[in-house]
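Note that the chains are named A, B, C and D in the order they appear, and that numbering of residues resets to 1 at the start of each chain.
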């Protein structure tokens, strides 16, 4: 299905629509000379394959044409449009690096470019997609039985089913090893486990059809696939967490399990301990590392445009001021560095040479820098920044969450510190 | 009326109510020894008079008891409760440094402590109050005719009338000298000016009864008092600006004037040019400089409490981690410095020794540091920071606006740069 | 003797010498209006007594006239002129806050202003003086017997004797409680202790006549006064530590004690444990907190002058550029805040209301900010910064050491963190 | 000759010498698994060719074995050993990217790896080499006549001749277009120009045999090759600039030309204007961008070792503390990003796709980050940092100069700002 979308996209490219959105999406290819391009200052695109460029272009086109127009209202209303996952499924954007089961089987970098295109619009949209791809389809692909794969991957890939990932608990954020959710043989239903516990800050949980839940069985962490439709009333609740101050275009909730019966066949058969969730998180974090560069690039684009169009003091555009130019130069620099690093780690990942610490490094750095620069660029908008119609305030609020979730920046610093020194300093 | 409130407050102090709110408000006085107090590390309170301490205590008590409980919902709904100004009026908190006309006539520092107490709850609440006190009552007191003072100051002081301040225009933020709003003799109504133009980002404008508007008359900037009730239909519109990403507990709008007739007696008689609005802004900025220290202190308080209560890794509270302690130490340091500086400038102001550059200096520094530290402290909350119930996200969003309005940080840097070097670098 | 100097200085003031140095020293008093003065933006001087102003003026005059001309060569040669302590003694600058014994008995703030005046020239010169005043005369005054005071304080106050302070050991920098230097009853000399151990990074040690040494007696830390002239050959060595990359205008060395006999009468009689050395350090740190503001002010002064005189691009002085003005504005702001905070803590100290944490707070912040801004200001000099004749490189190198010694910045952060949270996080 | 050295190096690798230096140089290859390596966290080495790896290894070996042992004394004495250029010439390290004329003709990245290996020891050594390679051999190769190339390149490549590059003038640092040095037809010597003017901060000038000097001929900037041996007495002086506070292991001086006669054949025939010097600087800046990563890596290595070996508080190494680990993690992150970016730009350069703005970007960022982290890592050494034997203070001082020379950081920010916005903001 991906190749279909790709082909369509190629066809569409042949007849460029002369809209602003289209020109935005295709702007990167405007120049073939080796002039400096602020959108890609170190020509990271030269490191991509033709397929990757086409995927990136297609994804960007979809996001600018289909997601950008609805994000403002979605964010205001704190509302996630379930249809988006179906659209993404149709384009082959879900679980894109998985081979088979209706997935596109593209490179890690290509997968990253999809997250980047989505996050150029909104980190919440990207989060929702990341959960589906990396945290639900990922572990099924990595740890699932053939039956689990056959049953769920195609449905998830098409966006027919929505998944969520239950690891974090109310009292255990950075420290999932202390989780309190427990699975035990079901007291009455043979061939079933009974799971009880609570998970929180779970993206997609209120609308999820399939919940990947991590729980302790005999004291050891195991992964379970819970289908909402099979849960007896009262055993599964997924209340939404509202009034968030970031990622409002994605939906977040809790997972409350009260002796929820789960078929034994729905447990991942072999993976035990934190290796399971951490493998998924590693993949999701890669997507974040690349994705936030998209949000940062959008901030740069918008700030630059504003600085060129806003006139102050004697008819000069803001862009003429040194203090403004420095903000732009700083942001462009870190955006270009972060993208190169993400591509490099993607290549290493496909070569089997990446390590979790590398992911920690780029997830942390790219989130930190994207957040920092989005805030600095926001200053360019002056008083107008307070209006959500300039979008940058939304990016700022979102990027703070990306810095915080899937390993807060300081946690990754200590992971790196341990790798550098051989000494752990968590406690 | 202020003295009444003050007396009441003194009486209440004699019978301390054992509630959490009360204990919070009175906590500062818990210790009489010279131990280190993180809430006031350099004992700025030792620089205050007994009256100032009592005012601060009274204001803090009101804010914690009356404002804190409603701010969360107000912020969610982007709704400002008009009654707040009446309550503040009743307590004598409006225009507190003005002498006579029902105003309390307290010191500049005392006025600052009131803004600080309010901003400890919310910068939007403080903004609304600052506009009333510094930007509406201030210029009437400084530049008004005796009749203008008599007519408006008591009503404003009691909160019976709400005022707003129209200076910024859509195309002129940091550069008000280029304003386009114009006053001219009214073509048909004798003894009236006719004013046309648009102002934007005007706090309180949608609910204002009295609008201080700056417009050019014969090319020179003059100030006018516009009473909404006297404006013919269609000559004054004040549409609200919604969907703000900060200061949502205050109400903001535009002022659209279309040949609005204003009695000649409603112009400030003598002040000409930017001196008028800048004098008011100077006073408002002082309030901001002190006020944001309140917001920062609330962030510190909340982050400290969270760090002490949140347990991670082997049963340790977050507060045990070096990276957390450093964030707290850094924030506490700048909070203490900023408060000292604001007190110093307040004293100089009352002695007639302050200059606008001093206000620029403390407004800029205190806003910058409050914003910076609120963001860093927000990290302590990890994923939970995204929930508005922890309040810190609200402070972060608000403080960004305070850094931006009434002189964006960089503008004040250039004001200081000019004062330091004798060379202007605005363009 | 101090009053003599003061009187002389007053006389000299009556006949101002029209030299550059004099105009520099007296520049602060040029204006009596309330205009903004970049040298003292928040009018910290308004908080000083007439005596303090006179002392500050006198000290600044001495430093600019007598120290500034020799610092460049001293720094190049890594050479400290022993005569400086005598000159300072003659002016009453040593141990100035001590009452009696030939000391001036001035306020803590006045003492701080002296260190600031000296550090305006060089942090090394200030270090040497701080050791004499705070770390040698201080503990004798605080903990000494009447005999010890009578014998040593006058000699030290006049600069006839040079003192040093031996606490830090090669393996115990931030952790003096683990010291290894030991005192025990002398095996052969009755009425004597025998002290063995090594101290390092000891300012003044190679030229010291009197060494305050902290050592463990029966496992408890005690203070001893060791006179070099009384030490048998081979029991005391004080080799200089050369090739320093900062504080090169002060002399630093080790103290090596090998069964050194010390009369029992030379031990401080009552103070036991870290309270002794920490009391002295507290006092010295106060001097640093105020002192580094002097170095920062000198950096500002030099950078400003350079920026005004250096012409680039179309005949504009560097001072016209926004990026330059921002550097100056930032530095001036922190200089003014740091000075206010130091004055406040000085007042609290004299009132018996200061705590060690307050000193940690201002020592850390003022050193951190002085170092940071000196580095940023150094950028203004471009390639010329590499020449020592612009002096700013020397300040940068010195200020790094001030951030590091007497409690590295992070250590003070943890001291503050402990005071804020009630939890210690040192290990 | 390069291949000889390379072959030797290959032979030596076959029999690893068990010395500390050797183990350091070869440490990078210790592990063949995909574990995280703090020395190369994102496996930048995987992007290098075998030849590049061998060159890097050879250069690192030479630098660690031959340069490291003499740098401390050289820096103390502010003395540059002329023999170093001969040694480098023998190994083929000079002008390595030039094809022919006895030069190795390696890739831009390989050339960068050589500068990185040298700068791992000292930025001054690298500066001296960069001048010879990029600023003297570079323009001769790019702009020279065949005769100029034949005459000078082999001598320079072997280190038989030392070159220097005269562009910066006392009053024109960031603004070379305003240079005052002038060439005109020699009044008495036919076939000669007469050049007069002064250049300053010229690396190698006091020992240079061949001086590339830029001067205005008929108002247009042209490049001249001046051989010292041919200059009549009194027409060329190259006094050393002493007492530098950085880059003390390189020699710096002025070039003073007083009607110096230069054969017309010694002018570059075609290049006119700033294009000439800027092309060379572009190449030199590339070397700096890669080189400073070497200095940063050495700082990381030394700080990590110190943190592991230094024991404080309850027997813990400093490396166990969170605040220390964060410093290391931050530095390692930027080192890995900076290296990737430099490799990318090197590849683009060889493909003819690089632009000066890209070089500005990586020169600025890598210098800024190297400087920043060297300073933060220096804090780890506490009081010991002041001793030059820990080397990190030297790197800190050097790196400040690298941030400043060949385009101060802010200048490059404005170059980038211009490229991003299309508006120049230099004045």
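Structural remarks
By our rule, a residue touches a chain if its C-beta (ideal position, glycine included) is under 8 Å from a C-beta of that chain, and two chains touch if they have at least 3 such contacts.
For each chain, UniProt lists the protein as follows: A, B, C, D = glutaryl-CoA dehydrogenase (ETF).
Keep in mind that this is a model prediction, so the values were computed, not measured.
The set of chains touching chain C and also touching chain D is given as A, B.
A count of C-beta contacts for the chain pairs B-D and A-D puts A-D on top.
Although chain A and chain B carry the same sequence, what matters here is overlap: shared residue numbers make up over half of all numbers found at their interface. Between chain B and chain D, the centres computed from C-alpha atoms are 53 Å apart. Mean C-alpha position of chain A lies 41 Å from that of chain D. Shown for chain D are the residues that touch two or more other chains, namely 320-323, 326, 410, 413-414. The residues of chain D lying in touch with chain B in their complex are 321-323, 326. Every residue of chain B that touches chain C in the complex is listed here, in rising order: 34-36, 38, 41-44, 46-47, 304, 307-308, 317, 319-322, 324-326, 328-330, 332-333, 336-338, 340-341, 344-345, 348, 352-358, 361-362, 364-365, 410, 412-414, 416-423, 425.
Listed in rising order, the residues of chain C touching chain D in the complex are 76, 168, 171-175, 178, 201, 241, 243-247, 252, 311-314, 316, 320-321, 323, 375, 378-379, 382-389, 393-394, 396-397, 400-401, 403-405, 408-410, 413-414, 426-427.
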